[in-house]
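After this come two complexes, each holding chain A, first together with chain B and then together with chain C.
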Partner chain A sequence: MRDRLQALNGPQTLGNGRAFWISFAVVLAGALIYPAWADPYDVGNSAYFLIWIFMALGLSLMWGYTGILSFGQTAFFGIAGYGYGVIAINIGASGGLTFVALLCAVSLAAVSAAVLGYFMIYGRVGGVFFGIVTFATTLALAAFLHQTAGPEWAIGKARLNGFNGMGGMSPLELPWFGGPIYLEDTALYYFVLLLLLAVYLGLRLLVNGRFGNVLVAIREDPLRAELLGYDVRKFQLAAFVIGSALAGLSGVLYTAWGQFITPASMGLPAAAMPIIWVAFSGRSDLTATLVGTFTLLLAFQTITIYSQQYALILMGAVLLATVLFMPTGLMVEIGRLIRRLHARATAGPAP
Partner chain B sequence: MFAEIFSILFQFADVFAFLVLAAAGLAIIFGMMGIINLAHGEFITCGIYVTVAGVQQGLPLPVAQALGALTAGIIGVILERTVIHRLYNRPLDSILATWGISLIVTQGMLVTLGSSWAGIGTPEGSFQVGEYTFSSYRLVLFAAAVLVMLALYLLFMRTRYGVLARATMQNPQMARALGVRTPWIYATSFGVGAALAGLCGALYAPTMTLIPTMGITFIVEAFVTVVVGGANVLIGTVPAAMVLGAIRTALNAWQGQIIGQIGMLIAVILVIRVLPEGVSGWLLRRNR
Partner chain C sequence: MTAILEARGLHKRFGGLAAVADVDLAIEDGEIHCLIGPNGAGKSTLFKLLLGTYDPSAGRVMFQGVDVTRQKPFERVLHGMSIKMQVPSVFRDLPVSQNLVIALQRRLPRTGIEAEMRRLLALLELEEQAGKPAGELSHGQQQWLEIGMALALQPRLLLLDEPTAGMSTDETFRTGELIQRLNASGMTILVVEHDMAFIRQIAQRVTVLHLGRVFAQDSIDRIIADPRVAEIYLGKTDVD
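The block that comes next holds the complex of A and B.
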């Protein structure tokens, strides 16, 4: 058991010590009892914040750990979101069927990522071009869905509805003894929280294991990794598919949360948001990404109440300032600072 | 029969001009500095707004258009000196910085200029071939695209600046050792790229409705042309625009604009699987 838990720690994550896991448990306990005293509306809103974090964690895996910068997170978000809508509307979605729709939609995003990723990664398109092609794909997909307003654009019973977006799909529904539980507000919050916990811990296992070490080796020097005998392309493609599938998971949860999805959640400026969260937080660490993304989402929503334009200007400024003054990311810097202070405190005064 | 062929050629020329004009500025900046300017669309928007404002102030259209290109160029040089030059050894970060700038500018314009302005209308004039009528201004755009490529060829192959720029592109350390002021070359190249983006906007300004987010209309086409063309604007952009233009024209005629755009993108993804360095990378490698 102890060995299993030790696999969560390793050189690829910042927080590994006892102090980190104690504060982790405190935060988790806080998040678990939070709905007991909070307003149900706020709980639903917090669930909404948590939904986006999967996408950020996926980008951190691709960009921070593997070194491939994808601008296409919102494309896979949209593919899975629309996929969930189409499936849920068509099969009527009652009981566990909504989870079938969830799995199918996330798989759809993963398969799309595998196809796009195959052409780019096996064509050895890297760095700047990878970003540009994923970006162009995202914008073209958003533009395509934007013009699907007419009645001829329908898949089965599901109308795509162009820029107005698709609505009317059922929320996630958990079959339970004595009637199903609809995952809305508090129930959805718990579901997303537990899912996030599983994904976060799973990703920690992944990056601290052999797979993650290879990813980091590829990030540091793809040629050297290749000369050491690793098929770099296979690992890059795997990271790209996992990261994009997580974006798809965000898309499904978002669609199920609001029972609604529009092309605007894929195009500009939405496509810039995951990049900003992850760059600001510090792409090279999962915990930093999680904390930073939550913080930025909270700040963004607070300002959006006054003016969406000013909130977006601020996000642009955050990105610019991060790149110019703190390229490793604010949360990673804070994490490193805490670690240094902690090391100094435990080592005692220097001789 | 002749009229049909002319009509197809005319549509091809229209798409070709759009691709070349939209991509030229982006391709120069990418070729020189290896960075992709995600604020490219905002430089185009700048050209459009300055042109329209100039015409509304009573300037003749060509003067207003020149002013649009010039303004974008000057802003480009200022941006390079303040932000971009810090990021040359971090190409991905420079993309992110320009994306941040793009967000700030687009949303800032929405706040200050409002969501839409009245356009100025396409210059009149048309001609007839067979039973089809064509807009003369579209031919002006095609001529402008050809002239821009010609001017770039002369600039890079026949002037002192061109020699210095190509030297910097090939080997910046060696160029610096030989006394080339490379920071100045980078700043002017960024300015030329931005001015070409502004020119693209200025030329298309009369044909569009003005909204601050209109840069997006151009950037997908600009990106894919640069990806297919590769790093060398002189030998990459024109063949890329011709291939993509042909695909786009055929698909537009068959299924409409949006399928044309998506088909073009799929073509790009297929092309980079075979030619990861674009047309110009492939040509240079073959001749080596």
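The block that comes next holds the complex of A and C.
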């Protein structure tokens, strides 16, 4: 057991010590009791923030850890979101079937990423071109769905509805004794929170293990990694598929949350958002990405209440400032600062 | 003795230029073999053909009796080759210790990695730098770390491309000693080099490359005594 827990810590995460895990427990406890005193509307809103973090964590894994920048994670968000809608509407999903729809939709995103990623990675599309191809993919998907307004654009019973987006799919329903629990507001919040906890811890295990060692080796020097006997492209593809499946998970949760998805979720402003969150937070650390993304989403929504244009301009400014002044990301810098201060405090005076 | 690595009729053309032309080369099991030649002789191209980052225009590469011509570098590594590149290539942002762990983890179970890493750190005289990012090491230390990573794979054949580039005389000499120690423990080693003093220190057999072709192949003593080699190689470059 102790060994298992120890595997969560390692060189690929900033927070490893006792102090980190105590803060982690405090924050988690706070998040767990938060619905007890908060307004259900706010709780639902917080669930909405958490929903996006899966996509950010996935991007951190592929960009920050493996060194492959995808500018089109929203493509997989959209594929899974629309996938969930199409499946849920067609099978008239309710109860446990909504989870079957969720799994199928996330798998659809993963398979799409595997196909696209295979041709890119094995076709030696690298560096900035990887970003361009993924970006073009998400824009092409958005443009395609945009013109599906007519009644001829339907998959089974599900109308795609073009610009206006697809609606009417059921929310997630957890089968329970005495009737299903509809995952909305507080119930959805708890579901997403626990899912996020599982994904976060799972990713920590992954990056601090052998697999993660190879990922960061590829980020640092792909040829050296290959000369140590690692099939670099296989690892890159694996990271891309995992990251994209997480983007897909965000897409399904988003669609189930609002019972709605539009092509705009794959358009240009949407595609830029994950990059901004992850760059601002610090792509090379999962915890930094998690905390930073949540902070930015909260700030973005607070400003959007007054003006969406201003919010977008502010996000652009945040990205510029990060790239110019703090390329490693704000949260990672804060994390490193805390670690230095902590090291100094525990080192104490020389004997 | 049998050949562990063999090149048969290797050609590599870049447009109209034949960088490597009709090269036959046999590295015998257990020897230290040096590949020398003036700048532009095709040494680096031949090296890349042997490790698989270049595909040959014609010819074959045999490793331990298996045709590996179409194999990717990582597949050749899995069969027992290990490579140190000319420019030090280490994982610069990662600590020295993690560099070695990444090299060791494919071969060893989790419990065995730590001890082997300590042994390598001692061998490389990098114990005190274990926690430092590899990019902060001196140039010579980075070269040693990369040699250490290549050794971590416990290869049958070690390929070294100018392992002493940028090293001080003292570091160069100690690198030579390390190579001889490794060879004494049974490792076959191919070294591409410029530095004649270093070649004299370590070489058993030497292949001289000139204009992409094998110009001479013999024991180190006879190569040094060969006036034709002196003319094309030693006469044109500075020898320290």
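Heads up, the rule we're going with is that the second predicted complex is superposed on the first by the 349 of 351 C-alpha atoms of A that agree within 3 Å, B and C clash if a C-alpha of one lies under 4 Å from a C-alpha of the other, contacts with A are read in each partner's own complex, and residues count from 1 in each chain.
Here is the rule we use: contacts are C-beta pairs under 8 Å (C-beta built on N, C-alpha and C of every residue); 3 or more make two chains touch, one makes a residue touch a chain.
These figures come from a predicted structure and were not determined experimentally.
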Just chain B (first), just chain C (second), both, or neither: which does A:L319 touch? first
Have a look at where A:G131 lands relative to chain B and chain C in the superposition and call it first, second, both or neither. first
Go through the superposed model and pick first if A:V111 touches only chain B, second if only chain C, both, or neither. neither
Looking at chain A, which partner touches more of its residues: chain C or chain B? B
Tell me the contact category for A:A264 with respect to chain B and chain C: first, second, both or neither. neither
Chain B versus chain C as contact partner of A:L139, first or second or both or neither: first
Kindly classify A:L32 by the partners it touches after superposition: chain B alone (first), chain C alone (second), both, or neither? neither
Once the structures are superposed on A, label A:A279 by its partner contacts, choosing first (chain B), second (chain C), both or neither. first
Indicate the residue numbers of chain A shared between its chain B interface and its chain C interface, in ascending order. none
Contact residues on chain B for chain A in the complex? 30, 34-36, 38, 83, 86-87, 90-97, 99-104, 106-108, 110-111, 213, 216, 219-220, 223-224, 226-227, 258, 261-262, 265, 268-270, 272-274, 276
Complex contacts: residues of chain A adjacent to chain B: 69, 116, 119-120, 122-125, 127-129, 131-133, 135-137, 139-140, 143-144, 147, 267-269, 272, 275-276, 279, 307, 309-310, 312-313, 315-320, 322-324, 327
Note: in the complex, chain A contacts chain C through residues 11, 210, 213-214, 216-217, 220-221, 223-232
Chain C residues touching chain A in their complex are 51, 53, 72-74, 77-78, 82-83, 85, 89-95, 98, 101-103, 105-106, 146, 149-150, 152-153
